[in-house]
Amino acid sequence: MPGKVINDFSLTIATVNGSGSQTANVTLLRALFKMGIPISGKNLFPSNIQGLPTWYTIRLSKDGHLARRDEVEVVVSLNPASFARDLASVQPGGAFYYADDIKLPIDRQDISLYPMPVKAQARQADVSPSLRDYIANMVYVGVLAQMLGIDMDKVKQALTFHFKGKQDPINSNFKVIESARQWAEQNLVKSDPYYVSPMDKTRGLIMADGNTAAALGSIYGGVQFAAWYPITPASSLAESLNIFLPTLRKKDGKANYAVLQAEDELAAIGMTVGAGWSGLRAMTSTSGPGISLMAEYAGLAYYSEVPLVIWDVQRIGPSTGLPTRTAQGDLTEINYLSHGDTQQVILLPGSVYECFEFGWKAFDLAERLQMPVFVLSDLDLGMNQWMTEPFAYPQTPMDRGKILWETDLEKSAGVWARYKDVDGDGIPYRTVPGNLHPASAWFGRGTGHDENARYTEDHATWEAMMARLVKKYETARHLVPAPILDEPAGAEVGIISYGSSAPAVEEARVLLEQAGGPKTASMRLRALPCTDQAREFIRKYSRLYIVEANRDGQLKQILAAAMPAEAPRFRSAAHSDGLPLTARWIMDAISSMEKIT
Amino acid sequence: MPGKVINDFSLTIATVNGSGSQTANVTLLRALFKMGIPISGKNLFPSNIQGLPTWYTIRLSKDGHLARRDEVEVVVSLNPASFARDLASVQPGGAFYYADDIKLPIDRQDISLYPMPVKAQARQADVSPSLRDYIANMVYVGVLAQMLGIDMDKVKQALTFHFKGKQDPINSNFKVIESARQWAEQNLVKSDPYYVSPMDKTRGLIMADGNTAAALGSIYGGVQFAAWYPITPASSLAESLNIFLPTLRKKDGKANYAVLQAEDELAAIGMTVGAGWSGLRAMTSTSGPGISLMAEYAGLAYYSEVPLVIWDVQRIGPSTGLPTRTAQGDLTEINYLSHGDTQQVILLPGSVYECFEFGWKAFDLAERLQMPVFVLSDLDLGMNQWMTEPFAYPQTPMDRGKILWETDLEKSAGVWARYKDVDGDGIPYRTVPGNLHPASAWFGRGTGHDENARYTEDHATWEAMMARLVKKYETARHLVPAPILDEPAGAEVGIISYGSSAPAVEEARVLLEQAGGPKTASMRLRALPCTDQAREFIRKYSRLYIVEANRDGQLKQILAAAMPAEAPRFRSAAHSDGLPLTARWIMDAISSMEKIT
Amino acid sequence: MTTPASSQLNKAGLARTDYKGLPSTLCAGCGHNSIANQIIAACYELDIVPEKIMKFSGIGCSSKSPTYFLNRSFGFNSLHGRMSSIATGAIFGDSRLRALGVSGDGDTASIGMGGFKHMVRRNVPITYIVENNGVYGLTKGQFSATAEVGLVLKHQGSNPYMPVDICMEALASKATFVARSFAGDSKQVKELLKAALSHRGVAVLDIISPCVTFNNQENAIHSYTWGKDHEAPLHEISFIPALDEIEIQGEFDAGSVREVNLHDGSSIVLKKLDKDYDPTDRSKAFQILEQAERENLLITGLIYIDTSRPTLLDTFNLVDAPLNRLVETDLRPAAETLEKINALMF
Amino acid sequence: MTTPASSQLNKAGLARTDYKGLPSTLCAGCGHNSIANQIIAACYELDIVPEKIMKFSGIGCSSKSPTYFLNRSFGFNSLHGRMSSIATGAIFGDSRLRALGVSGDGDTASIGMGGFKHMVRRNVPITYIVENNGVYGLTKGQFSATAEVGLVLKHQGSNPYMPVDICMEALASKATFVARSFAGDSKQVKELLKAALSHRGVAVLDIISPCVTFNNQENAIHSYTWGKDHEAPLHEISFIPALDEIEIQGEFDAGSVREVNLHDGSSIVLKKLDKDYDPTDRSKAFQILEQAERENLLITGLIYIDTSRPTLLDTFNLVDAPLNRLVETDLRPAAETLEKINALMF
């Protein structure tokens, strides 16, 4: 038997959608996390509710790499429908655990095989019959605990956390796990090299998904109004608002916020624009199809200068596409969203931590700039479990932007103009309904208007308004989050990435250097338009690889249009099949292009 | 008095919206046209129905320039509300005709002033009192006829044409014109240099607006289904279908087409997609706001590969913008329309003649490529009167693309796959409902599908499908209309334009050379993606000016993204205030940039 | 179309002129203008402070009219068919304000149908006026969803579809206030406006408001006598003769029926609800609407009212202070709470 | 959910298996599955040639089901809420085909409301089935517009809005065929399907189809006994116990009332229309629906039918040959005609 491989492999559990394996999988994930091992958990699930194959992959990485890998060393299969595929997926030398009631041919000698008496163990469990299918999942938890060396105390802790301390479920579940563990101890002989052992690399960290983080960030950003329409993978963002707002934001039983499920996305953004116009911190959350439906209202908000925040938790498209698969494919649509000349501000969180941070920052930006601010997350970031620093309380006070109230208008004796560029930053002042000063009211519209918001068809006025909006966009460039740069001395090549692709890029850079590739500098872009730092980085390197999870190299196209002088040095490493990018793919893509220089 | 200026000036008539000046203005336009003088007529009207100022400008150009000019030499004002502005708009040395009942100060000595007894003349007219306001417009026709030297026979011809030979209206109108002419003969002394005189430059030509041309082109393209929703400036396209289809396409009282007014644009494109899927030549026509609402369905059509034609008669945006002003501002939105990775095919007619030609060609392309084909016209092209060669009967037979019927399936014994790239051009074969072969049916969807149109979440299959669509787009590149090139020897600078901006560009090139500017080569782009000829042109010149009527240089951005290697040589000459570009503006923009080389 | 200044002050200490708007840019004789006048009158007589009203509209001639009244009120001329959603969001800003929306039949019953129905179902507190002319005015005379079946319009052919009955739609969606009137019946329009503005919840007011310019039969379109001869159509869509607004002459009493001739010679029949009609009986409301439709007449008056249902705002149980006046200390939870949250994240 | 092969051939010369679809991927016990089975049965018994049916749907669990029947029919699984428009356009391709659409309550009554209402108004010839479960199944259990007011769902809170009554909406929009049934009443479902498929015009079929997985009260959601003890909720949304489809036991006679218990312990009350009920009386139809709503029960059966109104296709007076079989010589006017046109252009 070869040398042990500790805390550095991937584990995939194959079950049937709806069989309730989520508790078992999360229990494993939590136990490993509590053992101090860097991990990430990714759920690959079908777009239906019950009966189809589903896979949960836990990556253990002592070096702290959290990106998806194509290779998997340990596989657990409880699903006859995917059994063959699961068996084939095990890396040579790996381990294959399977329910012994699955009577299907096994044709591999290059891996270790471990049958598990799942049904038998579940039958012994003292739970109501209706629960047997569910509890069966605990069997593989026990077996894996024994065979990989997972600390049973941590397993217990995980269950306690999951069942919020309720003894009944904790015990029933733990009993099954423990008896399965004992069965494995007595009946299975370890013949594969994959083990876990305690480390100290998760202390002080938490695990969370991006949608929960985004909701919490929005709450700490003071969200007052959210209108949404259900859509995978964005639903859990709004649902998390429903979960956390009542405890965090009620004053003696009364709410200072409203979350409203609209009849569709056209209405969701319409309501959000209305709330933003009336002076509230307003947001909506959706995915690609919703963004397309929001195009018209987004244009109205841009031109009438209404602040609002729009979260797009991206899934792969075009069209309905694969609702449960990830991609970074809505970038160009949003950058040019709505008819006529528009320039949209886009935030690109690259971690669960930033989902929280941009959750509150987006409101400051939207109200400061008086325009829509888009935040682009995706299914991988939004719905999967990521290890992260604890969410940081907002470092800066709320920026409510340029709002005039009664007292302000009294000072100016009611003299003001809604669309006048008083400060030279392209951002005008606004009043909101409820301001009772007789000079406060103005009439919003998506039609041509002058500085006093009056309708006009005068062509010079039109052009001046549009020119001011360009100036405002230029101001935005200096307010949006700067990129994260890593520029080691001697780097010739620059790599640009964003969002959920960043972890794979960082890992790929290591692999590249190990493989004797060029030393690379890295920029993780966190917003559009490009800040000065971003532009500087782009000007600096002789070759720039732009890595993204879409087909058409969307960021590359946007950067080429924005910085045509630099465009010849751009190279696209774009790939999109519904799965998060892997470090291996990125490294192969770049090195193949490097050769042909 | 200075030397005569003949057939080379602009004439603007300022009236009140709803006062019925259209007949008078078109009568003037027709009479001049029938005199053989190259002319264009542009209507500048407000976004309301009655009571606001409206201007109609006729440009006479012996050299055949049809673009808008900023300068106007002869002005007729019947509207107190715009009187001052109208007076100020006259070029020094020009002529100002006005209704003598307008008692407003006139402070110009540098022009010729001609009061007209409009009310008095109208009162004498023997028409029912309710018609007086209308008939008053004929007074300025008569006065101008006398003062400019318009041939009265041609005026009569124009009226005869307008009233379809009905003697009553012809005579009543002509009487008023003639008596006004006589009044002018007896009472006005010509003191300005502007005259018209017969030429022979319109023989064999016709005049038409782009929306009528587009509707007719679609009819000769065999349109079978059109769903639309009213919107300025696109409405008259669908309405022209209603006008011409019954006479051109009914067989013994029965229709082989259907035109349906939908409840909104979401439904209009949905119906069109349904009709295209069911095997009909289907189209919809709209303007910017409608395009935004069509984004989601456009993505479905792209991904499920349904042929349809979408006309966008552009108006200035963002949002509702100025519904009666023109722009070329929807290019980037449409190029990247809908969420996820999409690549749209866009036709860019540059004349009324091409509105007709692309009207039928768009169907051939859509059915050949099995995808949406967008045709971008605009208000200037679509609603204004342009001189043009007569519409040319389609030179090529209809291309219905790759459709399999019962007999085809019998030959192949029912073996076929909806999304298989059999011919290597990325274009699969399709069957349509009503095909009764048991193997004909397939199930369309916007979700992930394999070659047999079956639902799948397999990531390799997804990526293969998306790669084939890229191949199809590459095929489209070779099928779309090639650009119109004018490359004189020794040209250093290239100018790229498209759509309604082309006439101004051609005139600007003349001005540039007269002003000692560089010799220019010109490419009028007629479609996206760029054909090989277009790419070659772009590679050729050291400096490329991209001229367009929008704020953000939208075509320039698209070309930079598509041809990053060439992008550093691009220069944007973009300007958008709701009016068509003028040669003067283009020439100034280019020469100022030229200086800084 | 400004209102003659009246120096007399109402209980809000305001003159009638304090309620006026910009001059109308609609056609002379457009029914929409008389409605704008009645809105001014109603608000003045109800002593409403203009700053405490929010005006909304979609896109259309009708949707332009909010600029023709209440200059001192905030307002938003939104998107075609989308006023329902922007108003629904805006009312959360300051719950002390009243919302007043003006839409058209195309804006509400065609493109806006979905949003309208859901706004009604949510009992959004708003006075929602539909200026119903059965046609698309601003885009020059296409059919709207409330056009009579069989109506023939220039370039449009004949309308093959059944008309949408806005009151019936409101009722089906459980509106808590449903009324219909006729622009030419200023007295009734004003009374119903006052009732609507005093209602807590959604108040749908379907006001028949003839389009003088486009709602014409093809055969009648712009016909004039040339000289001494018989009538002939003038093919000049850009000529719009100045016509007077249609005003119902004399008293139009409850329970009576009145035929009104429109500018194009066509006519509509109005039936004013009896004094003893009970507007709280929903099944009765359905019955009279269904019956009126069969008899091809238009019921005017307050058709249904329910004052018991909570409004959308009620269901959210909001703090008393206007949400848009809240500040960071109200809106950002304390730092300690975030530690608790982080602890929950395992 | 494939149908047991039956070798017996119908008048179309087809076996029942010729009407089957792919295996269902819906939850075991989902009401939608039983409806798919009845569609197969109805088409088989009506001797319909599958190639002469076009299937349509929007997006949702319900909208997936067209792949579970009639494999040999063309179909399109379109966009969420947008089946009405794609079907409206598609029927013009070959007017000899019949359209059959399956939608959900969210798909039709929430996002699809506008399109649905206008499709009905136009009397588009289609059998339009709404598999109504009062919830968004595919997105895991949010409220739909037909959800009971006051219903409490996990993470959603309580539903404050009045439910949409799909039959009432269809009726208000002048549907020519309005019926309601319950997925568990296979006999009635099949009979109404046959009637709908034989109707010329829009046939709206609102079928109550319980969602076994999500349409649960919060307090009842996934409760199980751990060991010997009392029930406690299992917070495991990914665990969906296999449940049986609800079938109404025994005879459910016309005129009678039946209470049906759903998987989550809640229940609905069904009232089957009397034999002597006259479905051609529209005002009566409004009345019983309005009354049933007050009494909080669901009328099942054929509620309204009107066989006189022309369908959308009728109004276009099309040539007899299917439009999609026409060729260039039919569609491109002769060259001479263009000369005439050019002459018209001045």
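For reference, chains read A, B, C and D in written order, and residue numbers begin at 1 within each chain.
Keep in mind that, in the parts below, a residue touches a chain if its C-beta (ideal position, glycine included) is under 8 Å from a C-beta of that chain, and two chains touch if they have at least 3 such contacts.
These numbers come from a predicted model, not from an experiment.
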Could you pull out the chain whose C-alpha mean position is farthest off from that of chain D?
B
Can you compute the centre-to-centre distance for chain C and chain D, using the mean CA position of each chain? Integer Å is fine.
34
Cα-centroid distance, chain B relative to chain C, in whole angstrom:
36
Taking the mean of the CA coordinates per chain, how far is chain A from chain C in Å?
44
Multi-chain contacts only, two chains or more: what residues does chain D have there?
79, 110-111, 113-115, 118, 145
Contacts with 2+ other chains: residues of chain A
46-47, 263-264, 289, 296, 300, 304, 319-320, 445-447
Considering only which chains touch which, label the overall pattern as line, ring, star, complete or other.
complete
Contact residues on chain A for chain D in the complex?
17-23, 46-52, 126-128, 130-131, 133-134, 162-163, 166, 168-169, 171-172, 229-232, 235, 239, 242-243, 261, 263-265, 289, 319-320
As the complex stands, chain D meets chain B at residues 49-52, 54-55, 66-67, 71-79, 82, 84-94, 96-97, 114-115, 118, 316-320, 322-328, 330-333, 335, 337-339, 341-342, 345-346
Sort out for me which residues of chain A touch chain B in the complex.
46-47, 287-289, 291-293, 295-296, 299-300, 302-304, 316-325, 327, 329-330, 332-333, 335-343, 445-448, 457, 459-460, 462-463, 466-467, 470, 550-552, 554, 556-558, 560-561, 564-565, 567-568, 570, 575-579
Report the residues of chain A in contact with chain C in the complex, numbered from low to high.
30, 33, 161, 206-208, 212, 216, 219-222, 224-225, 227, 244, 248-249, 251, 253-258, 260, 262-264, 266-282, 296-297, 300, 304, 390-391, 393-394, 397-398, 431-438, 440-447, 455
What does chain D use to touch chain C in their complex?
110-115, 117-118, 121-123, 145, 160-162, 164-165, 168-169, 172-174, 282-283, 286-287, 290-291, 310, 312, 315
